[in-house]
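In this document, chain identifiers A, B, C, D and E correspond to the written order of the chains, with residue numbering beginning at 1 in each.
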Amino acid sequence: ACGDNSGGDQAGSDKTPKIGVILPDSKSSARWEGADRKFLEEAFKAAGVQYDIQNAQGDKTQFQTIADQMITNGVTALMIVNLDSGTGKAVLDKAKSQGVATIDYDRLTLGGSAQYYVSFDNEAVGKLQGEGLSKCLTDKGVKNPVVAYLNGSPTDNNATLFKNGYDSVLKPKFDSKEYTKGPDQAVPDWDNAQAATIFEQMLTQTGGKIDGVLAANDGLGNAAISVLKKNKLNGKVPVTGQDATPQGLQNILAGDQCMTVYKAIKEEAKAAADLAIALAKGEKKETGQTVKDPEGGRDVDAVLLTPKAIYKENVKDVIADGFVTKDEVCTGAYAQLCTDAGIS
Amino acid sequence: MSATPLLELRGIDKSFGPVQVLRDVAFAAHPGEVTALVGDNGAGKSTLVKCISGIYPTDAGEFLFDGRPVTINSPRDAAALGIEVVYQDLALCDNLDIVQNMFLGREKRSGLVLDEPTMEQMAAETLAGLSVRTVKSLRQHVSSLSGGQRQTVAIAKAVLWNSKLVILDEPTAALGVAQTAQVLELVRRLADNGLAVVLISHNMNDVFAVSDRIAALYLGQMVAQVKTTDITHAQVVELITAGRSGALGLATDSGNGGNGHGAEPAGSTSGGVR
Amino acid sequence: MTTTVVQKEGPAAVTARPTLGSHVRNYVGRVRGGDIGALPAVLGLVVLCTVFSIMRPSFLTAGNFANLFTQGAAVTLIAMGLVFVLLLGEIDLSAGFASGVCAAVLANVVTVLGYPWYVAVLAAVATGVVIGTALGFLVAKIGIPSFVVTLAGFLAFQGIVLMLMKEGTNISVRDDVLVAIANRNLAPTLGWLLATVAVAGYAAVQLLRHRNRSARGLVTDPVTVVFARIAGLALILGVAVFILNLERSRNVLVVSLKGVPIVVPIIAALLVLWTFVLQRTSYGRHIYAVGGNKEAARRAGINVDRIRISVFMICSSMAAVGGIVAASRANSVDPNTGGSNVLLYAVGAAVIGGTSLFGGKGRVLDAVLGGAVVAVIDNGMGLMGYSSGVKYVVTGVVLLLAASVDAFSRRRSTATGSR
Amino acid sequence: MSATPLLELRGIDKSFGPVQVLRDVAFAAHPGEVTALVGDNGAGKSTLVKCISGIYPTDAGEFLFDGRPVTINSPRDAAALGIEVVYQDLALCDNLDIVQNMFLGREKRSGLVLDEPTMEQMAAETLAGLSVRTVKSLRQHVSSLSGGQRQTVAIAKAVLWNSKLVILDEPTAALGVAQTAQVLELVRRLADNGLAVVLISHNMNDVFAVSDRIAALYLGQMVAQVKTTDITHAQVVELITAGRSGALGLATDSGNGGNGHGAEPAGSTSGGVR
Amino acid sequence: MTTTVVQKEGPAAVTARPTLGSHVRNYVGRVRGGDIGALPAVLGLVVLCTVFSIMRPSFLTAGNFANLFTQGAAVTLIAMGLVFVLLLGEIDLSAGFASGVCAAVLANVVTVLGYPWYVAVLAAVATGVVIGTALGFLVAKIGIPSFVVTLAGFLAFQGIVLMLMKEGTNISVRDDVLVAIANRNLAPTLGWLLATVAVAGYAAVQLLRHRNRSARGLVTDPVTVVFARIAGLALILGVAVFILNLERSRNVLVVSLKGVPIVVPIIAALLVLWTFVLQRTSYGRHIYAVGGNKEAARRAGINVDRIRISVFMICSSMAAVGGIVAASRANSVDPNTGGSNVLLYAVGAAVIGGTSLFGGKGRVLDAVLGGAVVAVIDNGMGLMGYSSGVKYVVTGVVLLLAASVDAFSRRRSTATGSR
């Protein structure tokens, strides 16, 4: 599964460009293994560079081990999606001391030393979710709706960022008593089964009075929907999501889910791959944008892409983008819904 | 010999859940004497021993040691009083070797460190005195020992220490002819050195050979405790199997039906196997 | 409550014919002596429920009672299978992800390949059997410790789930029958019918047994005790069915929600089946024997290897059933199905119920009671709305609380030296 | 009685790692006879029994059963041949009750279901024949039994079945007077019914009371197998402790040094404990 | 390799004075008889290393060798502590998150509160001791099974870490000394010095012991064997230090990287310390006794409760040390420190090394060897570049491979009936 063919190549002895990529996990989101890996591979293959893409499975010890191994294996540029800034920084510093160029992919390592930062803004994702939910609630015309939070894993820093994002939209509405804040719980390990139990208990606790669910991704959203379905409340209570998974899109088409956030990962991957290839070859590219690292206090050259909110109307955009295929979404009963939504 | 017994028990009761195993048991062991404790299988001998050594808590009753009342809540209390026991179920640590088992809980040390050479020497000497000839190495795990070898290790372990009372629960059950003779001799020697020795055995020859007194348990009750010279072989067997023999034993009014089904002295609802 | 308990309670072959009074005395004696069967777990449950009811009155609603069953079902089912492995003193760390693999197979067969639900269920269970056979073979025949084998399984199955999920996307399960398992209820009358059948069956077994034994002159419990037991079961089932048949919809106009959740008869049937296997067949007897003393069992001519392999098969098959229920409940399968805390909760359920990790001691009922404890804790904690850090801590403390009620009520057992 | 022995062993060798426990052992058990197997502690008696019953694989040697060569790889093979064994270390399942232990591996069933009443009845009858009077309930876990009660259960378990060869490894070690008598009577009865019985015991009285032949093991070697009527009590003791007695036993040239430290017949580097 | 092995190897008190030849014969006999000590784990390691070296030549570089130690350090340290708990037949599921809690305390003290590093280390270890005491108390005095207590701990500590981390962010550890632990190396000469001291110390102990025993007329190993052992240790340490002192920087101009990683002497010192405690003190002897037969130990007058509490204290303290190393390696602490697979890997390491889950059998060296197996697998898999699904599966299979080498080399042991 990898284009790495290092053979007997001694560490650092020659400068054939070789790129190492460390993805964070495979469970918090389907994107890493399902999309990022695919698009990055495509880009590297097209450029004809050697590469090695690995996944740390959410384990930061693994993450560091993989980084060590990549450096041992002789990569010339290293692209990481950090699990937390601490380990991220340790890896970046180690790479730098060994003369390996680095890129922060998708997550900025605070206090780190990466040459580039390529990302979607995670807080922006959260913002879209918050805005999406209030749009759907407005559409439903609910007065003073009770909004429940189904946050991501408490140990996942991204979950915190998403939450910051949707809080920035919703908290003012809570404060102004326009909305009522309902139960607010985090789902360990983004575990869908636990999410179902947690949501069921939220429903019990409030006596069924939940009018909107801010679910941090499509998996959690689907868990909430399964409980709503059981109570025949699906479609009446808007639910958010993220990642534009086929399941999420189907739920949107069926009207059970109100929106999801689509991140054009292909573009992100392409941008990052281009920078990495350049770095690996010892070139420097201009990005034109910078991001301030609040901890390290430096301006990092950055490529920032914008996430996109997906409602029933624009599900077709995701498919048109090639992010998911029509076959994946428009199965069985969904074929008709697809047609209705203008997907061809 | 001495008038006050080294150990005296009074009114010991012990139940396991609904089953009463010991009923109002009185027992005494005198220094310098071998007291044989006899009784049928399941009479409660081992239970009594375990009560004395603090393995089981008793439900009622008093312990007097050297005339003073004591409470024994754990085997450590018993060891502190100078009571050493060879249990019927041996209780050796299979994962330790012979020397380690023999010194368990009282390891010899020089400073912080275990003094293995000393322990090994002492163990070898003690075992040699017990006619053990087939043990290949003192560093063998006890799990690989034969039944008799295990029993010898357990006996050797109990007599290594300076104790005042040694209780041996069927110590010769698995031993060969020569080893049995050695152990009986050892028992006699211990008593002659002024220790109180309690010997449990089903072998009447051994009992009469070494004991000074005989105590007989019958279905959890102490039916007699007499001088060995005052009783015959046949009388002891009768006490064991029927609970009474002539003037000795249970009072007649408790209606014992010969040596077949003894009446259940405990008031529980259960009887023998039918 | 079940035949298991009953057998434990019957001291047989004593000469005096026991009366009701002596029976009660005996029971009290046994409880004080430490032989207390299901009592500690039940006590723990009662304490937990009381505490939660006081803190959150919504805990004590019919709707929440019904939720409890579906929430705890998957863990309980996996725990039931684990009891078999634990009875031998082995462990199966892979049971959680094995359930994930089976669920993934189910989802692939029914959703991706489009076969009917029963084919998918068969495929899932067959996968479980294959997994169990492989694990059992490695443990029994190659001789690798089960901890290591199933740790390897834990890793490998996690990977297999990911691969079956195409590296991380969820697969929806939308088949009506499958979704019904964890989300629909029996018609109220059907609930009553099943309860009646259960009580009648129990009564028949008990009375037959009683007649059979007294005919042979063996000691039996007094008839009054037998009837008391039957009445007890009838009462418990009656109350449970009654509560579950109450309307629990939040909006009766939209939908009516009542009846016994479908998972309940599934769990009950499996409980009866496996209890029967463990208590009434020689296979079950041999499991206890191997767990109690492997060498003695071997000397008695029992094929120890076969027993060892078979328990892993049962465990993984039950994990498959658990996976199916989990998939049904989530309406989908994700790469985390069976992951996270599922395994520890399942082993914990068995152990809390009273199953020993050293083998030889445990019942399937233990898993159900322990599963109930775990489900109640999860359910109750869900109503509290703590932040996640606090929630973890409180969950741990509550678990400890339930376990110490258990430990204290078992106290006497160690004090008297009996096991 | 019959000329061909029921079981014949030839040239059995058995080592545990570097320790050779059995050396070229020959042994025969005849139907209708009680063969006593005697030997000092650690001589290898129990090991020989475990080789016969398939618990230990042998390193070399042949088994003949009823004159035909057989291989016994597991206790199940032995049971299939009709060999029943009471092991010295009993091997009961502590977590099962008396009835369950007695029928372990051969449960009575009606259809799929265990036939508990039948088993309970049969167990009660067998135990009653062994003078067990103190067992409170047949549904008691064996962990709560006294030493003698456990041993009785193990014996009862072995004689429940229609077997051809019964081997008893020190069956009366923990038994009381009455129970021992019952078991010896049972042993005799089994042999009189045409079974081959092998009895291991350290009690010479018992050996001479019931056995037809005596086989003596000395440090892993079979030093004699003779008719009981052809040998005296003292000779047997000499065989056990010294390996030879007059014309019987090891050849003189192996230089046995009396009954103190016997020379090690195995060529291993290790000897007795020093 | 250590005194442990040595003691096992010395069959004592046999009359004939053994020669070198008889010693070798004896050893071969013991190996064939199943008493093989560390051999299986070592064999498993050799097989693993060979396979990885063939598939990825970069596996066999000095740099990778050095990486192995720092990568495996935390798990190995936790596993060393777990050995004590496992020796009693108990389990500590909370060891992983206990290390997380201690690491969180460390980070808070040093970074948030700004105390010097030694205060932070003390605070972390003290936290470990407190945790261990609490767990041990609940197990020994209240009588809750250790699985349940530590499962509760597993949950509660997870929550405590979250709370100490203020719900999900991470805390950096930037103190130079702390960061050095897992990231810096000893000066090459210091490495040689320590190795020399170690060999000299070992030689002194061995020779003294030999002289002491022969003076008393006890049987000893031949002097040649003693010298062979000392030479063996010297060789192993020499080669290891030599390799670690090679330059392994990819870019010598930027930075020079050579020397023994600082964690190596830390692990070695703890290995010697705990091996000494287990093998040479009566406390250690009592641990084995309680693990082998709790009742026999109690009857021998050992304070079983105290032993039980103390092993949990040791385990949690070692978890604290593991947590400190993990924090150092990551330069930070986050809510997942000690989570994920850390616990299962640590228990797995102990078990793979040969420690029994049933108690009474195991050595601290086992944890180090098993930890090496786990680290090699992780390290080797990191060089392969599989996608995550495949990687999980291959890791599981490789683990199984290492374990079956182990099982096969232990085979004879069960065949001959010895344990």
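Some points to look at:
Everything below uses one rule, namely that a residue touches a chain if its C-beta (ideal position, glycine included) is under 8 Å from a C-beta of that chain, and two chains touch if they have at least 3 such contacts.
A quick map from chain label to UniProt name: B, D = Sugar ABC transporter ATP-binding protein; C, E = Xylose transport system permease protein XylH.
Predicted, not measured: the structure shown is a model, and the values here were computed from it.
When chain C is fitted to chain E on its Cα atoms, the angle of the rotation, on a 0 to 180 scale and to the nearest 5, is 180 degrees.
Chain centres were defined as the mean of their Cα atoms; on that basis the chain farthest from chain D turns out to be A. Computed centre separation for the pair chain A/chain B is 74 angstrom, with centres defined by C-alpha atoms.
If you average the CA atoms of chain C and of chain E, the two centres end up 37 Å from each other.
Among the residues of chain B, those in touch with two or more other chains are 16, 55, 124, 136-138, 144, 270, 272-274.
Those residues of chain C in touch with two or more other chains are numbered 11, 13-14, 162, 167, 387-389, 391, 418. Each of the following residues of chain A touches two or more other chains: 26, 33, 37, 154.
Chain E makes touch with chain B in their complex at residues 10-14, 212-213, 216, 218, 280-282, 285-286, 288-289, 291-293, 295-303, 360-361, 418-419. Interface residues of chain E facing chain A in the complex, by the touch rule stated above, are 56-58, 61, 63-64, 67, 70-71, 74-75, 162, 167-173, 183, 249-251, 254-255, 326, 329-337, 339-342, 378-379, 382-383, 385-392. Contacts from chain D toward chain C in the complex involve residues 53, 55, 74-76, 79, 85, 87, 91-96, 100, 104-107, 109, 112-114, 117, 120-121, 124, 136-139, 141, 143-144.
Chain B makes touch with chain D in their complex at residues 16, 19, 39-43, 45-47, 88-89, 124, 127-128, 132-138, 144-149, 152, 170, 173-180, 202, 204, 219, 237, 240-241, 259, 261-262, 268, 270, 272-274.
Considering their complex, residues 89, 91, 93, 138, 142-145, 147-149, 151-163, 167, 344, 347-348, 351-352, 357-358, 387-397, 399-400, 403-404, 406-408, 410-411, 414 of chain E touch chain C.
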